[in-house]
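Below are structures written as structure tokens.
Two complexes, one shared chain (subunit A), two partners (subunit B, subunit C).
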Partner chain A sequence: MQLRKRSMIAVVLVLSLSLMICASAFAADKVIKIGALFPLTGPAAVSGQNCVNSVLAAADVINMKNPEINAPLAAQEGLLNGYKIEIVKADHQGKPDVAKSEAERLYNQEKVFAIIGCYNSSATKPASAVAERAKKIFMCGCSSSAALTERGYKYFFRHAPTDAIESDEFVEYVEYLNKEKKAGIKTLGLIYENTEFGKHAAEEAQRAAKKAGLKIVANVPFNNGATNLNSEVQTLKAANPDAVFGAALGGDYSLWVRTMKQVNWLPKIAINYCTGYQNPAVQKELAADGDYFMGGMGYSPALAKEFMPEAVKIEKKYYTPRSNQAFDSDSIQEAVMLLVLAQAIEKAGAVDTEKVAAILRTESFPSALSLSGSVKFNPDGQNANALSVITQIKNLDYNTVFPLKYKKADPVFPMTPWDKR
Partner chain B sequence: MDNFVQVLIDGILSGLLYALVAAGLSLMWGVMDVINFAHGEFLMVAMYLCYWIGEILGIDPLFSWIAGGIFLFFVGALTYKLIIKNSLGKAAMAPLLATFGLSMLLKNFCMNRFTPNFRLLSGTIMEGKTFQFAGAIVSVPQLVTAIFSLVVLLGVYWLIKKTRVGWAIQATAMDKEAAELMGIDTENIYLLVFGIGGACVGVAGGLMTTYLAVHPEVGSLFSLIAFVVVALGGFGSIPGALFAALLIGLVESFTGFYVAAVVKYVAVFAIYLVVILIRPKGLFGW
Partner chain C sequence: MVTAMFKNKADKLWYGFLAVAVILPFVPGVIGGSFFGHVATMILLYAAMAQSWNIISGYCGQTSFGHSVFFGIGAYGAALAVVNFNSLPWYGAPLGMLAAAVVSVIISYPCFKLKGHYFAIATFAIVEIFNRLFMIWDRVGGALGLDYPILPDGWKNFSWSETKNGYYLGALAIFVLVFSVVRWIEKNRMGYYLKAVRSGQETAESLGVNSTFVKLSAMALSASLAALCGAFFAQYNYRVDPPMVMSLDMSMKFVLITILGGLGTFWGPLLGALVLIPLQEYTRAYLSHLGAGVDLIIFGLIIIIVMIKQPLGIMGIIRYFTKRKTAKIEGDA
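Now for the complex of A and B:
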């Protein structure tokens, strides 16, 4: 009798365990793993963490029922009748070699369907090369080096406006100021980190400046994560350009601004690419010292309020509780890429790389988190609808100053000198 | 001419800061032959400590550097007691790997607790203060840090050269067994050296909080430069560390301005390589 009782318990246990294993296997089948490869440590870690939080917010929009949000896939729970998105985080530390090995690990060991990343263009380049060789999808939100979409890749898609687009816009704004405000901007200085991103931004700036007849009087690359930027800023000050285009990420951006204050110098206008300028956490630390600088942006709370109401809802519900701040122009683009990828999977009707990639290449996707409202990729993978505006920061508010269609405030021009603030 | 003076002043101020960061490392390396890979993280810990003291208690880094120095003295001594002591005499690389582990621990702990966000104290006494000198602009926080650096370095130099404890440190560095035979408690000397090393970097970190943002990676490049300073100046030599740090600061500044900013560290490491090839013990090595 005792033996029978024990046998029964054993059978029940075995059956329960089998059921649990089956259930987990079943659940595993209903998950689409997506890699989120960003700099979670290193000089750009703040921005990397924001990007991951942004991707996680997008995953929540897809995985949960959000009837109040008017965006594709928001009202339903999951996609493909019950599939959920699972985000696998990975850290490339801002290093291209680590990005490459992490991309390999994500595809080969974690078996992710696609990777979203990598913030730093220098990391995106090798990581997306891994994806292309493996014929896997790589979704790039905010890496802006124009070279990334000039490689003829088939599985690489990018949302952000390139440095080429932003350079043309910056120069167009300078020309507008010269014409309308008699700004007298004739010379340009460039300061940029000596990376894939910075170097390409500088090349594009030189091309755009040449077209507009702006003379480049200072060309200052620097190593990111530097202990000081004294000689870099001193070089700019000695050349005294009318305008400066900057490409410095995270902590380097705040060091650059504070060093300019230290040497008591400012150009008439300073416009930044996708940099620390766009990061509210960096601006919060800079406080009033960050005022009057400008930068290209695809998002700001003010813009969102007027043109992207659904983005505000998503931000409030899923992003701010994680990041304790509003979306920034960089991180939000990573969320866009996950939402676009999910739409493509839904349209493909299967978790099939070739089918999904074909849809990404050919179709247009509504995007509640994009300023233009939609995403459509060119054959080279670049978002044809990429849109960026120029903002100027004042009291931690990003005020749109150009193009005129989006203009919300008159620019403070020239920048108020340090000793008159 | 104005540019020359500005670049010169920037170089000297940077150099003096590097000297203060490197002084502690020089002692640890010179006396114990232990490479403390966590030196940069000690700097980071001191910066966080003084940042939070400023944020929570409202005490300016101009005063809280004392807390940084004292706290890091104990961190250094504890590191010796709990980690270095247990790894000495085992595998050749054991102390080095142990401190590498400690550096990872400290960095990831701060990353986890404080996030990677950059934190900058605002409203400090010296914030944004500058003055003109010979046509150049001198940053008061950097000047004050440089003066403190000189004072601390002189203090440590005096301790080593003019006091009985200092002679015991020198004796231990030269020949540990002979020092023990002479009645020197080398165990306590090691403990003290790690404590002083920690205190030096603690003072540096505290003062740097006035003008540099704090984040978990802030110590990385400073520690690399500190290693170069120590190897260049000579293991265990405080005047060597001072001279080498000034040399590095000036090379960095002049190369950055007159050649190209992007090659300033290339020049620093090139000089280091040349000196080490010609004089492996460094310029002032024991």
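Now for the complex of A and C:
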């Protein structure tokens, strides 16, 4: 009796397994697999998880009928008359060698059509090199190292403004403050993580500052994942620059801000690249200590309310239930890349790398999740319409202060000292 | 001649393993562009790395946590030749090996005056020093590292994009070289000197062994072989930067694989790599999508269980079962 029972269970299990395999085989015919390669563990895990959730939200917009969302492919179900997007998640742990081997696995084993990633510029570099060698498409949302689009790659496309674009904008804002507000900002300090991203950001900041005649009085790199930034902040304090440009991701950003409070020093203004500044979770942790800092952003709830109403709908329906927070400036760009890729596939009329890449290289795409409203790639793969505004945070609200077209509030300038808060 | 070659069980195992390893890339679909091909290549590479560490730390008893420095020097040797000098990695790799050997002797000479834990602690510090140095040294790319340009596939550039057969065979060649060196050491006077120093430096010296020379030569040999592995690593990943190669994380890989397999044994590094690398690669590939580092938790738990159950590593487990079997046969007789 026991034996019969066990045999029955075994038969049922084998049958269910076979059915599952058959079902997936049938489903595979109408599925376009896309790899989502991000740091799901390690120091940038929180940002990586946000990026994955953002890509999943974009996949839901494409795969489901969303008549209430006014965005390309939202009203219909799937693309190419019934194809669905399937996201294959992968973790590169913030390590370039892991990113490279995971990119190979995604293309060769998982047979993904394209990869979206990788958040860390240092991981995006080798992973996109795998794509280029294999002549496969690589969509990069928020990695900002300018070097990524200076390699002459044909299958690499990036949405985010580069450090070069942001540096020019930061310096332009400083010049505006000097001219209009008599700010008297003459010296600049740089603090950045000693990585591909931070080093490039610092190099671009130096170039832009030189052009504007700003004198760099402190150039302070630090190792990411640091447990103490006291000596770095003391170096800044000793040089006492009028303005500071910062490039510190996640936990490093909050450590930097807290250390400035500890040593009781602030510059007149502090502007951040694509960093922990943009992450609402980091700002929540910093609470009032994070106030009056500034940063370049392509998205904020306030901006979305006024300029990107469809993004708010997508956020509410598909992103916040997953992430328990609003989109952030980094993660939203990964969603944009999936939506743009899907439009290109739809326009190509086939899941064909060469045809889709040709369309990506030549056409312009409406983008409900981009501040500029559209995406158009230059021959080097850089988004020509990449747009970033400067915001200042207060009470966890990101208020746009520059450019004037998007300005929503007057900046608190100079930053309120720690003892007067 | 052939019977002399296979004179004992260990020889049979060694040549049997090599025969299977050599055949693999010629079986269609086994290596090629597959994920298994990547895992197999990494097993051979990490086994060779661990074996190079085993020379100084296992056989000679000088625990070094600084081997990622030599590994990194080798990686930078190959990468600098390709990226900065538009040359071939074949020139950079031997130069890297030579540089690593020289650096290892310069570093080790004062450090060998320290004994036991103090030597190990000093090697920890050396990793940090070199990591920081390379981070700020712009000639070698600083924190940005060195990125390979896209080069034509083939042995000349030691670069392949569609198949891993070339990488696999390259890793196999390094594996054979490193393991053969250790086989030679084991069977020669050098091996006895190393083991004598490990067992008791003063005793060895009293018997006429020049312990400083023995330790320095073992370190130079170990470092140059680690550097060769580093050169391969840079070629395989098309990139090198300090956190990738000169880090405590990388140093720990040398240590962990050897200890898991069996410290101071010929087969230990291979057994450690055979268990650890597939575990690391497959758990990451198939469990990392669950998020929250489930793969890393499982990976860590398995290592803890093995080390608690058998501190002598996998070789300890094998010896335990072999002894039991022998005892049973003798009992039956």
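Assume the second predicted complex is superposed on the first by the 397 of 421 C-alpha atoms of A that agree within 3 Å, B and C clash if a C-alpha of one lies under 4 Å from a C-alpha of the other, contacts with A are read in each partner's own complex, and residues count from 1 in each chain.
Convention: contacts are C-beta pairs under 8 Å (C-beta built on N, C-alpha and C of every residue); 3 or more make two chains touch, one makes a residue touch a chain.
Computed from a prediction, not measured in an experiment: that's the story for all the values here.
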item: Overlay on subunit A: subunit C relative to subunit B, clash or fit; value: clash
item: First (subunit B), second (subunit C), both or neither touched by A:T124; value: neither
item: Which of subunit B and subunit C A:N194 touches, first, second, both or neither; value: both
item: Subunit B versus subunit C as contact partner of A:V263, first or second or both or neither; value: first
item: First (subunit B), second (subunit C), both or neither touched by A:T235; value: first
item: First, second, both or neither for A:R133, with subunit B first and subunit C second; value: second
item: Which of subunit B and subunit C A:L40 touches, first, second, both or neither; value: both
item: First, second, both or neither for A:E285, with subunit B first and subunit C second; value: first
item: Partner chain in contact with A:S143 - subunit B first, subunit C second, else both or neither; value: neither
item: Partner chain(s) touched by A:Q109 [first = subunit B, second = subunit C, both, neither]; value: second
item: Superposition clash, subunit C against subunit B - the stretch among 115-123, 169-177 or 277-285 that is involved; value: 115-123
item: Footprint overlap on subunit A, comparing subunit B with subunit C; value: 40-41, 45, 49, 194, 221, 223
item: Subunit A-touching residues of subunit B, taken from the complex the two chains share; value: 3, 6-7, 10, 14, 107, 111, 115-120, 122, 128, 130, 137, 139, 211-213, 215-217, 220-222, 225, 252-257, 260-262, 264-265
item: Contacting residues of subunit A [partner subunit C, same complex]; value: 40-41, 45, 49, 52, 88-91, 93, 95-98, 100-102, 104-105, 108-109, 122, 125-126, 129-130, 132-134, 147, 194-196, 198-200, 221, 223
item: In the complex with subunit A, residue positions of subunit C that touch it; value: 33-35, 38, 135-136, 142-145, 147-148, 150, 161-162, 233, 237-239, 241, 243-244, 281, 284-285, 288-289, 291-293, 295-296
item: Contact footprint of subunit B on subunit A as seen in their complex; value: 40-43, 45-46, 48-49, 194, 220-223, 225-232, 234-235, 238, 250-251, 254-255, 258, 261-264, 281-282, 285-287, 418
